[in-house]
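Have a look at these structures, which come just after this line.
Heads up, the next two complexes both have chain A, just with different partners, chain B and then chain C.
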Partner chain A sequence: MSSLWRHLKATPAMFRVSLADTVAYRAELAIWVLTATLPLVMLALWETIAAGAPIAGMTKIEVSRYFAAALIVRQLTGAWIVWEMNFEIRNGSLSAKLLKPLHPIWVWAVWTVSAMPFRMIVLTPLLALLAWARPELLTLPAAPDLALFAVSVTLALALAFLVQTAFGSLAFFMDRSIGMFSLWFGLWSFLSGYIAPTAFFPSWAQNILYYLPFRATLSIPVEILSGRLHGGLAWQEIGIQCVWVCVFGIIARTLWNTGVARYEAFGS
Partner chain B sequence: MIRILSALIRASLMVSFQYRSDLFFEAATGILRCFSAIAPLWLAFQHTTAIAGWTPPQAMLVMSLFLLFHALQGGLFEPNLGEVVQLIRQGNLDLWLIKPADAQLLVSLRRIDPSYLWDFGVSILMAGVCIAQIGPISALDAALAALLAVNGVLAMYGLWMLAICTSFYFVRVDNLRYLLTTAADAGRWPASVFSTGIRWALTAGVPILLVTSTPAEALRGQWTWTTVAGSLGIGLAFVGLARVAWMRSLASYTSASS
Partner chain C sequence: MIEVEQLTKVYRVPIREPGIVGSVTSLWRREYKEVRAVDAIDFSVAAGERVGFLGPNGAGKTTTLKMLTGLLHPSAGSCRVAGWKPQDRQRDFLRTITLVMGQKQQLIWDLPAIETFALNKALFDIPSKQYAETLSELTKLLSLQEFLHQPVRNLSLGQRMRCELAAALLHRPKVLFLDEPTIGMDVEVQAIVRQFIIEYNQRYEATIMLTSHDMADVARMVRRVILIDRGVVRYDGSLEGLSREFGSGRTLVVRGNGPVLDRLGFSLMEDDKRRLTISPDRVNEVLGDILRELPQVELTVVDPPLDDVLRRAFGEKRE
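And then the complex of A and B:
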C-alpha cells in the first residue's frame, strides 16, 4: 500500500518533468507525429477504389471517415517505449532507474501519457487542414458513443503500452528485441485496421481477427469514433480489449520480473 | 574511383557477413516484410480490378520497385548516412576525412546491412514476375525505365545526403531520417492515387515517385520526352545540391578533435 501511495504522490511531479522533457525535444516529437500521417495516404488509396462502388458495404464517405478517425486514434494510442527500454537496458542506464524508489515502468507510463497533450497540439494543424479541405470527414458521434470511445481508446493505449513493455523486456534476454518488435509491427499494421478496415477482409479472416489483439489497439476505437460501432456490439468488443489488456499485463509483468532478476548490465 | 568503389563494397560485405548467425532470423523478417507490403495490394484487388487505371501486375510492379528501393534505403542509406550523424557528434568523422579518397563516397558506402539482401532478392524476383505478366515491352521503353529508376534512386540519395548535411549545424536530426522513410512509404502506391498537389510533393519534394511510378509508367510506354527530361532534371538537381551542401558543410566543419 505504501508503495502505491508513494507512486501516486510522485506522479504529478513526474508528469511535470516528462512534460518539460517532451517540450524540450519538440522538433523530435513533431517528426514522430508527422510519421503517423499514414492514414491519410491510405485514405487516398481506398477512396480511389471506393469511388466506383462501395467496398464491403462501405461507401466512399464512410471509408474516408474511417481513416480520418484512424489518424486521431493513432495519435491518442501512440506509445514508443520499446526503443527507450531497449536502449536503457543495453547501455545500463536502467541501473540508475532501478535504484530509485519508483518503478521504471511507471516512469515510462507517465512519460507516455505526458506526450499526449503535445501530440494533440501537433495534430491540430493536420486536423484543421482536413476540416478545411474535407469538412464532411470530421463528424463527432453522439454523447453515449463518445463515452464508449473514451473507454475504448484508453484501453487501446494501455494495450499498446503493455505490448511494447513486453517486447521491450525481451531486451533482457536477447539482442534482437527490436527486430522482434518490427515483426509484430508488420503484422499489426496489416491486421489492426491501420491500412485497411477489417471489414474489407474475407469473412473467415474477419472471424479470426475479431479475437486477436491487433484490432483491440486500433480499429475498435476507430470504428466507434467513425460511427460504425454502437451500443451492445461495442461493449462486446471493449470486453475483448479488457481481456487482452489483462493477458499482455501478465506477459509484460512476467517478462519484466524475470528479466530484472537476471539483469547484468554495465555498472550493475 | 571504380577501384575504391569495389573495394568499399567488398569490405562492407565482408564485415556484414561476420554475423552469420542472424541470417535465419533476418531471412524470416525480410520475407515477412515483403509479404506485409504486398498484403494490402492483395486486399485492394479483392474489391476492384484496377486501382486508378493500374491493373494488378502493373500496381505490383510499382510495389516491387518500392520494395527494391526500400531494400537500398535500409541496407545502404540508413547504415551509412544515418551513421554520419553519429560520426559528426562523436568526432569520428575526422578519421574518414583524412583518407586519400573522396569523403562523400567513403561515408556513403562504408557498410551494407546484409539483412536487406533478402528484401533485395525477393523484390527483384517480384519485379521480374510482374514484367513478364505485363507482356511484350519495347526495348526503348525498357531502357528508359531502367534509366529513370537509377535516376530516381540517385535523387533519393541526394535528398538523404541533404538531410544528413543539416546535422553539421543542428544536433538532434536523427529523426529526420524517420521522416524521410515515412514520406517515401507513400511511393508504394501508383502515383495516380494521389491528388495533384501530393503528386508534386512526392516528385519534387521527396522524389520517391521518380523511383517507383515513373519507371513503371515508362515500362507501360506511358512517357513523353517532357516527363523524362523533367525527371532527369530533378534527379540531377538533387545530386548536385547534395554535393554542394556536403562541400559547404565540410568547409564549415570544425571537427571534435581539432
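And then the complex of A and C:
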C-alpha cells in the first residue's frame, strides 16, 4: 500500500476526531473566527473614504465588494498550526505524533481542514446579515471565474498552511519562533491586501508585490471572487501561487526534516 | 530484538546568568555547555525478555528510551530495534513498538478515550476485527469499561494511565518501552497494571523494557536489570546478582530464642522474631551455628530490599 493511500485511508477518521476536538474548543475557535472578521471593519473604513471619489480607480462599490470577498477568503484560508507546532515542539508533546506511522504534518493538515465546517457555521450568519443589508456586495462571479476562484483559494490555503509549517518548524532551532511569525504576519497584513487592496499601493510597489508571496495567500482569490481578475490574467496569478506553494513546500520540508533530527523531546 | 552499541547522546544546553543582566547579555552572547546524557553504552535485549532499566534522576534512562523509539537521534554509536534503525521512523518500525511515558502522552484531552482509540485504529491501520478483539481484551484486563466514554480531562490519574496503556497497545506492538508505567497510581491500580504487563509479555511474547523508581514494579515485573548512572551502564544482569554485587549482606530472620542468637548479635524485632544482617559469605557458617543449638527453629534468609541495594549501588559508584 502506497504511503499516499495510507494517509488518505486514515483521513476520514482523523477528520471526524479533529472536528470533535475543534468543537470541544468552540469558544476559543469562535474568538479566532471573529478576529478574522477584520475585513468588515476595513469595509466600513474604506467605503467611507471611497465615498468621496474612487481610490486608485476603485469605486466605493468595488472597494466594498473587495472586503466582502476578503471576509470569505480569510475564513476559507484560516490556518494557525504555527502556534500548535511551536507548543508541541517546545514542550515535547510532538513525541506522541512522531510515534504514529503517519506524518505529523498530515495530521495538522487534516486538523486545519476539519476546522472549516465550524468556520462556515460562524461565517454563515455574517454573510446572511451582509446579504440582507447589502445584497449588491455578494454577487457571484460567472461560472468560469468561480472555478478559478476554487483553484486559487485552495492554493491560498495550501500556501498559508505551508508558510505556517515553515515558521512552526523554526521552533526546532529557536526559542522564539512565534516572534518570527509575528514579524511575517505584520508584513502580511499590509502586503497581502488584508488592510488595503494592493491596488492602493504605488505602481512600483505593486510591481514588487506581484512577485512576493503575500498576495498569493489572500489578494489573488479575493480579486477573482470580487470580479476584478478574470481569464488569462487570473491564470497568470494562479501560476505565481503555484510557484510559491512549491517554494514554501520545499522550505517547510527542509526545515522540518532538519529540525526533527535536532528534536530533544523535552518535558515528555 | 534490541541491540545497542556505543550509543551516545550529547545535549547542547544554553547557560544563562540569572536576573536582568543575564537576560540582556544572552541577547548577543549565548554560552552553551555540552551534557553527555548517555555515554557510549552497550547492551542487547532478546525477544520476549522483560528488562528493568534503572538509575537515579538524570541518569540517562529516558534519553536512551527516546533514542530506542526514534524520537531522538543519537550523537554517536548505533541502536537497532527489531532490525530497524529507530531514527528512520519507518512505518513498520512504528507499528512494532510503543512507548508509554508517564501520564502525558497521546490521549486527546477533551474527548473520551474511545475517540483516541478510534483514531489509533485509523493511524495504525488496525483491521476492524483485530481492533474489536484487542479493545475488548484491554477493556476487560484494565477495567476500562466504566470510564471509556468520559472526556479524558474528567478521569483520575490512574484511569488516565490505564487508558494511555490501552491506546499504546491497541496495535499489538512487539516491543514495549515503558517509562514509569505505574507512576502516580494507587496500590490497587499498580497491581492491575503490573499483572497486565506480565500477561501481555507472555501472551504476545513481547519484549519489554521499563524504567521505574518503584522497586515493587521492578521486583514484580523483571528478572534482568540494567543499571545506568551518569549516562554509563554500571550493571547488567539478574536481580539476584544485583543483590549479591551491591547488597550490604543477607538478613537472617529467626522466630524463637536461645543464647546462640544473643551471642551472634541478633536483635529483637516484633512477634518474637530476631534479625541479623551479615555478609553473604558468612551465611552458611552462621546457619550452622544456629541449627546446631536450635535444630527446630523457624529460620528464613532474606535478600536486602531492592531500594537499599540500588541506593548502595549508586552511592558506591559515585564515591
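The working rule: the second predicted complex is superposed on the first by the 265 of 268 C-alpha atoms of A that agree within 3 Å, B and C clash if a C-alpha of one lies under 4 Å from a C-alpha of the other, contacts with A are read in each partner's own complex, and residues count from 1 in each chain.
As a convention for this text, contacts are C-beta pairs under 8 Å (C-beta built on N, C-alpha and C of every residue); 3 or more make two chains touch, one makes a residue touch a chain.
This one's a predicted model, so the numbers in the text were calculated from it and none came from an experiment.
With both complexes overlaid on chain A, does A:Trp83 touch chain B (first), chain C (second), both or neither?
After superposition on chain A, A:Trp83 lies in contact with neither partner.
With the two complexes superposed on chain A, say which partner A:Ile55 touches: chain B (first), chain C (second), both, or neither.
First partner only, chain B.
Just to be sure I read the superposition right, which of the two partners does A:Phe118 touch: chain B = first, chain C = second, or both, or neither?
neither
What is the contact status of A:Trp106 with respect to chain B (first) and chain C (second): first, second, both, or neither?
The answer is neither, since A:Trp106 touches no partner chain.
Tell me which partner A:Trp184 touches in the superposition: chain B (first), chain C (second), both or neither.
Neither partner.
Both chain B and chain C touch chain A; at which residues?
In chain A, positions 25 sit in both the chain B and chain C interfaces.
Which stretch or stretches of chain A touch chain C in the complex?
Per the touch definition, chain A meets chain C at residues 3, 6, 9-10, 12-14, 16-17, 20-21, 24-25, 93, 95-96, 98-102, 261-265, 268.
Taking the touch rule as given, give the residues of chain C at its contact with chain A in the complex, in rising order.
11, 66, 69-73, 87, 89, 91-92, 94-95, 97-99, 101-102, 104-106, 108, 110-111, 115-116, 118-125, 151
Across the complex, what residues on chain B touch chain A?
22, 25-26, 28-29, 32-33, 36, 39-40, 43-44, 46-48, 51-52, 172, 175-176, 178-179, 182, 185-186, 189, 192-195, 198
What residues of chain A sit close enough to touch chain B in their complex?
On the chain A side, the touching residues are 25, 27-28, 31-32, 34-35, 37-38, 41, 44-46, 48-49, 52, 55-56, 176, 179, 182-183, 186-187, 189-190, 195-196, 200-202.
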